[in-house]
Each structure stands twice: as structure tokens, then as C-alpha cells.
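Two complexes, one shared chain (chain A), two partners (chain B, chain C).
Right after this comes the complex of A and B.
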């Protein structure tokens, strides 16, 4: 009896300097499979479809429940998390590629350090006086909290940047994720005290003005973060600041 | 002369590690954070429902003392009481601190913090940020650390793995051996102290809610280097998880905190759509058996009851090991607001919308109450001495542990929403002590003979070289799965000595097979397999600790359930009787007619059992086996008594 199988076509690369190549795999079908479990099956039996033993495929993952942001990759050409890509719901053969906007480390694993540098640049934090007991935090309406929560679900996964036509490997565009974090912290009563500093960071080269308004980011976000609202809001905030700076000169 | 800056190495970028880093940075010490992966990706992000603090915003009469009592009772009296008391009293200020840092905690109509109910308590004590509270807390701490990084006070060493402590000739920890997961280089870092905030070991089980990084390898390595590992046999099985192949995803206790009900059809062969099964034909077994706590009994109790319904009463849905967790009686708006994140996850992985149809869930391995044994010091009032270098220090001088990697805060069973608290509490609490230790060590790391470091480096380089060359027949990833399945089959919810004995013996088969391993990846760049093989070796040692601890502990306490040693609490027993009994004992004689005979007999059994078993089990690595001894638990504040939740 022939057993049902899952076919995968995976773009591989041995190290950051080497050339990429394609490899095909065929593994037994099992119910409840997702792309992660397929890659785990390959680890358990690293044999390519031509029966040749190969190195297991390397990818990033951790939580496997779409909250850590690790396992982003291109699945059938679309950027998404591998953990929520259920085999029963996607087209076969499954084509896996690393994200194209970040340097490849190995196979499907990429280096997203640029995203974390951007968070540092836009000062994505609330400047507190210290961790000593200073009593309650600021009173905040649940409405503002709800908006902030949605923005704060960003897991730095990179989907929005992979989808963005403006974001390239060699430019300095900060991208939707960072802009949205500026909004998140400018919405906080204490965070707002440093709002201008954050806005200054997104007003220069690679900043908010470079956004081409393609709106691809919001489509790609696995957490449904209203990224285009954030971009519009930060554009408004920077315009106001420009005006204010001019008037007060 | 300016004092030399202290250098502290923190391993792990989850809540405990980041909290410790923040506290230590504030004292102007140099901090290096070593982590497997970028800092927003640690397992702490998986915590969903919330974090406990008795702020009593609803005027229910809650207090830190109540929180303390619930935690101790929830842990079946095995937790270290002075530490738990300090944690519960600090909890409100911890929540306020996190709130000041910008955590998007849900709020009341007036704009104060909102609280919801969780298991093991009758109070609304759990602050929450939607259904991704752990993620939100990690992010806020990560942001503070990013500020310190911006200011040049923190060095992040991500994509690096901790392999072990560098110990000098006196056995004092002088730094860490680090493995670069990209270049595969092995090197040492000197430091005045090393903190292991490396999380739990749930990957030793094949069906767990753990992240892939939760191998427990760092803590196990400390154990193999001489540190004591305590209460390893106490593994929490979370009652509600979503079945899956690569992992069992958690369905938060907050689903029940917000009104979720657990039930099965009364008839085993009832294959109707759950929505078509009338109320009368549903068996709400937790509500029936535990009218007071209902669906919010502690996790050990809920998991055992689900197990009993499925395997002993054969009432699992459609004959499968699953029960319903039902939220469909709540409005969709309410559910989206309070539980949106986790309900979306359920939908993404199963295709079913929990707002419309009841979820199907089953217990899964979730948390280790045990971990590295750590010390602490109390002041004359019995409170934790805030600057004591002993706080959170393992039995290796200079090596500290915090978070799920430690052992004292949850006893035999952890209450929901206490783990985030214990992670942040231990991280913050240990900071001043670690620094005072670093201030007072007689010999700084700089003056330790360089051979201490070079020897460690040589050993580990050699070890990795030989692992890379292994070309046996065993695939390490397959072997790991088999080990995890063996643990699932033998060391889970219901335990018995015959099975445990067999399981313990079978671990040596895995050890033998380890020798025949194939390092399946030959690349010398970004190759995770040699690391994984080393971690697998640690996981085998960890399985021995857990299994032997379970085998030796002949009692039923919290998550460690051995039916053979169940003391059989009489149905109409009231735990207050035990307090009266103790009072009478203290006054001399227990009058013959003070208690029903069956109750008196039970209390005598309970007392005798506690005398023997109310102890912390301590595993020490000897001749490749855990040597287990028992140490007294500090129960000076609350008298251990029988637990009851109905």
C-alpha cells in the first residue's frame, strides 16, 4: 500500500557567503502536521528525495505557537510563521525559502539584528526613574490600553519588512515595525515625555517620509497590527512637530 | 582609586534574567546577557493568563497574607515559606513597577489595573495583559535592557549557549564557558558571579507546552558540576492544552478564570455536536466534585480529574483522550477582549472557533516546580535579608539561579499566574545580594590563575570536537523523541513504583545508545546538532533525577500522585479539624471523642506521612547517578495541613 507523503522543496544555503541551492524532500504524511513538524521529521531522517543523506535543514524556532516571532520564512512564496502553517491548509509541494530582506545565516535562518537596532534607534522604551517602589503607574483609560496592547503584540518577526517594497537589504529604511513602536511609546503617559526624541529619530534618512504607502506591511502582519494606522499617525505626529519647530524657532 | 566595576554574567533572556539584569545595571555593574536567541524570543513569552498580586482592587478582602497561604496550600506545603511570603508581599510593588514600565495591563473603567480569577484561589488576584501577559512582561523588561544597552551598560551575547561554569581549585564559580552557535567557537568569560536564569526542563517530555529551547541543560550541567538539584520529581501537568504534533499548545487557565467550563458528554458513545448536547446530558465533573472552587481547582487536581474521567471512566470525547473546555456561553466581544490572543491561537491550530464551539483539550507537561537548590538568608524578623549574598545562590559559590531554574517557590504544585511573579521576584530580589557577593569575594576573577580558564576551554573544545566526529547509528533527534515518549508513558500524572523502576532502568539503555550517536550535521558553521547532542546528554541525566526522585518518594503530594500512598481523606473531613487536633496535641492529650474515629485515624496518617515526607528532595551527582537525600522544609509560618478544595 502506498503511503501518503508530504513533498517539500527547500532553498538551502550552507553559510552567509556560499551560493543557495534547492533540495527536495518527501516525508510520510501525518495528521496535525505543520511546517515545523515537517522540518523536525527531516531532522530525524535527513535524507533528500533522491535518497541522498544530507545535513538537516536549519531554521529558527522556539515557542511554536506564534508568540515568539522566531520561525518567519517564505512558505509558498508568502512570508509567515512556520508554526501556524498547517500542512492540511497549504498547497503542496510546500516551497520553503528564507526571508529575502535579511542576511541568510544558514538555510532558512536569517539575521534580523537590524530590527533590534531599529528599536534601539527609536528609543522604544519608557524611561522610568528606576525599579525601586515608587507606587502605582499612571492612570490610563482601557481604550488607550487596548490600542497600546494591539501595537505591543509585535514580536519582531519581520513579516512586515519582508513584504515592504521600500525595505531593502542595502538601504536604511526603518520600516513599519519600528514606526509602530514609536506610536506605542508615544501613547504612554510617561513614554510621551520623550515623544519628540522618538519622532526626531524617524524624521531623518530612512524615516517615515520614505514610506511609499504600499500597505503591504499590514497585510503580512500575523498579529493583525494596524501598521498603516501607525504609519499615518506617526506621519501626523512628525508633521505637527515640524510645524511646531518652525513656529517656535 | 575608582573601584573596579563588577562583572555579572546572566544566562537567559527571559523574565528572571532580564529582571536581574535590570536590577544589577541600576547599581552600575557590568552585565553580560548570554542567550540562545534574540531577547524577545524566550519561553517566558508563552505565559498567557497573568501575574498574581494581592492588590484587592475589588474590595474582596484579599491580602498578601492570603496570597501567601493560597500559594503554600496550592504547593501542598512543600514550598519554602519565608521566601514565598516575601514574594507575595512584594508582588503588588512588582505589578506597579511593570505598569510604570508600560506593560499594557487591562484596566478598569476608572483606569486602574483590572484583575481576574485564576486557579487555587477564591480572589480576583491576577493582573493581565490580554492573553499574552508573559509576552508583554518580557517586552517591557527587554525595553529597559535596551535602554541600558543604548547607554553602554549591557552587552548582549545572543546566539550563544552556556556550557558550564568555570570553577577554580576551591570550586568557586569564576565565569562561564560559552559556545558561539554560529561560528561554533568555544570560549570562556570571566565574571564575578554567574546567574542561571535558564528556564525549565519540559523538553524531557515528548508532550509538553515547552519551547524548543527548554531542555534544562544549563541547570543539569550545574548539577553535574556539583550543584544540588531539588524536588525534580515535581512536574506540573497543565490540565488544558491543545493536541498537536510538534508541541502541545497551552490553553490558558484564564479561559476558566473568565468563566470557561470543563465537561464531557455523560454517555461515552454520544457523538453529537457538543452544541446539540443538552445541559442535562453533560457531565461538569469539576463543578460537581468541587462546588467551592469548581473549574478553578489547582492544576494538579484538575489534571488528575480529567485523567480519571478519560481513562478510568472512559468518558473522553468520542473515545479520545480529550474533554471540552467551553466558553460559548460568553459573548464574543467579551471573549475577544479578555482572551482574544489565545482563542485566535486555538482557531489557527485547529480550525475551530472557540467562541462558537467548545474547545477540545487534554493535559500536557508544563512546568517544573523543582530545579537548582538555592540558598537564602532571613533577618531577625524572619524576613528575607535583602542584600545577603546567599539569596538565590546555588550550592556552588558564585553560581546563582532564578526563575523556573530554581526550586523553592511552588512546592509540589504551582498555582497559575505565580510563575511570572516568581521569575520577576527572584530576578529583582537576587540583584543586591549578587552585587554584595561580588563586592566581598576575597579574590576577583581577574586574579584567578589563567589555567582555570584555559583548562575549561580545552576540555569543552575537546568534547565538542569528539561529538562532531560521532558517526554511529542513532539519530539524536529521534533518540530525544523516544526518551520523551518513555517519560510520558512512565513518569506522568499517575505514578507507581513498578513502572518507575522499569523507567529508571531503561534510562541506562538511552545512555548506551548515546554512545552510538550520529552527529547528523557536518557543517562547521551554525550547526546546532553538536549542541543538541550535548543537551540530550544533559536531558538523560535530568530524566534520572526526575524518575529516581519519583521512585523514592512514597507518598502523594501535589503533582506527585502515587495512588498506592493516597492517605484517603474522609469525604466529610474539614481541614480545620487538623488545626484543632494540633492544638490539642500541643496541650497534651487528644480526647478520645473529639473527632470521628475515621478522621482521627486519617489525621494520624497525615501527620506520620508529613514527618517522613514533608522534605525537599536533594539530588547530587555521584558516579553518574543522582544520589538523593532529604532536607527539612521551612514551615515556620503556616502549619501544614490537609488540602481540600470542595
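Right after this comes the complex of A and C.
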């Protein structure tokens, strides 16, 4: 009996310091499957084409509906979420690699800590009550609410950084996602009270001036976040701050 | 003024670099190509424009402060920026990513071209002491000879295209990185306008090359000689 199968070529790495190598897998075709379900099938019986009984392939996932960002990897050379990469819609054999801009933990699992450090650096939050109740915050217009909603959909997946030519493993570029979060929190009427602090964080090495306007980030973002609008907007905010600091301080 | 730290210095240098690309370098490029295209009106008109420039007071100081130093700084920063990123159009071939890559490649091309261009014009002019009214006949002889060969013509056509592209695309980058154009529509409309600017400058440059190639007339000094 001949059964339809799916071939996968996976770039593997046993630990953060070891060398990567390629392995090929063949699994039975199932209609409506996605890359995560393929990886689950491999896990059930981890047999590579050239090697019997290999370690199962490791990957990261959580929500399975493109809202958590943890399953981000290179699929056929392009960065995207594995959970929404439908087998019927992509080229085969399916080539899977970990993202190249983050340290590999194992196989397809990477450490995206640099992104979270960037969010901390730019203070991507709204300061609320401290030791005493500060009362109600100012009202937000619906227009700003709508803009902020779009920006708030960022899931820190890293697609924008993987596609960005300025974001490399050996520099300190903060990247489009962090700049967009500065815009998000500077747009918040209460968050705006700390706007200057956030701007100061992006007016240094790895900051907004390091962006080369290649605009690959906005093309790669699965959430369609208007990253290049955010970058230009933060550019304007920092330019005005620069002028203010030079002339009025 | 408060002392600035290394982080701020990095930011200010990139901002200054961006500004230098526009003024004085970009403005110089536009004037340079514009004035050169006077050659298409006639050799005399062209000669008078060179006479005017070469009889300016403090010419050498002006050239150093407003052209050579800014160019040198912009080039050094340009190479620094070039090596700070890793081009990836092969995998992410979006139009803007192509322009980003071309901005860097043309920067390097211009750097090479300028070494050649200055080496065949300003350097021998200063070496042989061809000042004031003696400059025009000397420089026009150089250009006439330059455009008699296809090698010369091609070097100039590439140098000019690289510079006009780099300037036009740089104008767009300048407007985005200073926050002058923000929205998607504004960015698209601006790229059309700047493409026109680039096209006009390219036409001026090419017309000059064509005129020199077709009609290499020598001139005698307007005064003295």
C-alpha cells in the first residue's frame, strides 16, 4: 500500500553551544495539518531518513492560534509562525530552521530574551498607583484607542527582527517591536507622563537612529502592525526632543 | 552644556551624519550637476561658471569646510553603518529592502568614484597651480580627454547614477528618520517626488556627459593666459 507522505528537512542543534546539522523526516500526510502537527507526528516516532531512533525534535508553542508568538521559526527560509503554516499551502519538502537572530536553545527553540530586555529598557508599561491612590486617569479619545489597539496586538514573536537587516546577533539594536511599544505607551494619556523617559532610552546606541528604513519589519509582521508608521512617529518624537534639549533646556 | 555620554554621542553622530547628507553634501551635488549642465548651453557659459567658482575668495577653505570634511565624515559613518547591518534582500526581497541595500552599495560606489574624480580634477589642478582664470581651460581639457573613451564615459555614468540615486533615496530616508513624513501615504507620495528629483539630476548629469563626448572644444583663458 502506498501512502501519501510529507517530507521535512529540519535544522537541528543539540545544545546552545554545539554545531547545527540537518536531518530529514517523512511522515504520513494528513489533510488540514500544520507545521506544529507535523512536529508532533515526528515526536511520536522520531525516525530520521538517515538515522533510526533519533532524539525527538524540540520546538516551542503555546496558543496554536497565532497570538503568543512562541512557535516562530524559519519555514522554507522565511520567518513565520509554525501553528498557522498550513501544510497544504506551503512548498514541500518543508524546510524548518530556528530563527537566526536569537540564540538557539535546542533545535527549533530559541531564546528571545533580548526582546523582553528591550521592552524593559524602553519602559513598555504605564506606571500606575504607587503608595497612594492617584485617582482616575485622563480620558482617551476613540481615535487613539483604535490606534493603540492595533499596536497592542504585538506578540513579541520576533518576525520583524528576524527580517530586519539592521538587527544582528552582535549588535545592540532594539528593533521595530520595541519602538512600536514606545509609541503605544507614549500614546496612553497616563503613559505619556513618562514619554521623555522612554524617548531617552531610544536615543542612544541601538536606538531609533540605527534603523536604516529598510521596512522589512512591517512586511514580516504577522499582526500587520504599522511598524514603519511607529518608527517614523518615534523619529519625530525624538527629533522634537532633540531640538527641545538643544534649544530650550 | 552638559557632558554627553557615549550613548548620546552615538545618536548625535548618526543624526549629524543624516543632516550632512542633505546639507551641505546633497545641496552641493544638486548645484554641482546643475552648474555642470551649463556645458550643454555652450562652452563659454560653462567656462564662465568655472571662472566664477575659481575666483571666489577663500575658495580652498570653503571647499575643505563645506565639501571635503563633510564628505569624509559622511563616508566614514557610511562605512560604519554599512558594516553595522547585514543585508538580506535575498530572503526578504521587498522593494524598500532593495532600496536600503542599494543605498549602501551606491554609497561605496560613490566613495570609489569620488577618489577617481578628485584625482583627475582637483588634485592635478592644485598640483599644477591652475588657479583663477587658468582653471577653466585646464579642467575643460581634462574633461574633454576624459569623455573621448568609453571607459571614461561609463565611469562617469555610473558615478552620476549612483550619486543621484543615493541622494534621492537619502532625501526620503532623511524625511523618515527625522519624522517629517510618517504615514504610509505620505511615505509613498514622498518617494514619487524624490524619484522625480533624482531623475532630473540624472538627466542633467547625463546630458553633460553627452555634450562633452560629442563636442570636445578647448577654450583659452577668459583673462590673461
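Just so we're on the same page, the second predicted complex is superposed on the first by the 239 of 249 C-alpha atoms of A that agree within 3 Å, B and C clash if a C-alpha of one lies under 4 Å from a C-alpha of the other, contacts with A are read in each partner's own complex, and residues count from 1 in each chain.
Quick note on the criterion: a contact is a pair of C-beta atoms (placed from the backbone, for glycine too) under 8 Å apart; a residue touches a chain by one contact, two chains touch by 3 or more.
What you see is a predicted model; the values in this text were computed from it and never measured.
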Applying the document's definition of touch, where does A:45 land relative to chain B and chain C: first, second, both, or neither? first
Which holds for A:228: it touches chain B only (first), chain C only (second), both, or neither? second
Just to be sure I read the superposition right, which of the two partners does A:207 touch: chain B = first, chain C = second, or both, or neither? second
Which superposed partner A:163 touches (first chain B, second chain C, both, neither): second
Across chain A, the partner (chain B or chain C) reaching more residues is B
Chain A contact set shared between chain B and chain C covers none
Quick one: which bits of chain B touch chain A in the complex? Just the residue numbers, please. 22-23, 26, 37-43, 45-46, 93, 96-97, 99-102, 104-112, 114, 129-130, 132, 135-136, 139-140, 143-144, 146-147, 149-150, 182, 211-213, 243-247, 249-250, 337, 341, 345, 348-349, 351, 428, 475, 477-478, 481, 520-523, 525-529
Interfacial residue positions of chain A with respect to chain C in the complex: 77-78, 163, 165-166, 168, 171, 203-205, 207-216, 219-220, 226, 228-229, 231-240, 242
Contact residues on chain A for chain B in the complex? 14-15, 30-34, 36-37, 40, 43-46, 55-56, 58, 60-70, 83-84, 86, 89, 105-106, 109, 112-113, 116, 119-120, 123-128, 130-131, 133-142, 145-146, 148-149, 152-153, 155-156, 185, 188, 190-191
Please give the residue numbers of chain C that touch chain A in the complex, ascending. 6-8, 10-11, 14-15, 18, 81, 84-88, 91-92, 94, 96-97, 99-101, 103, 172-173, 176-184, 187
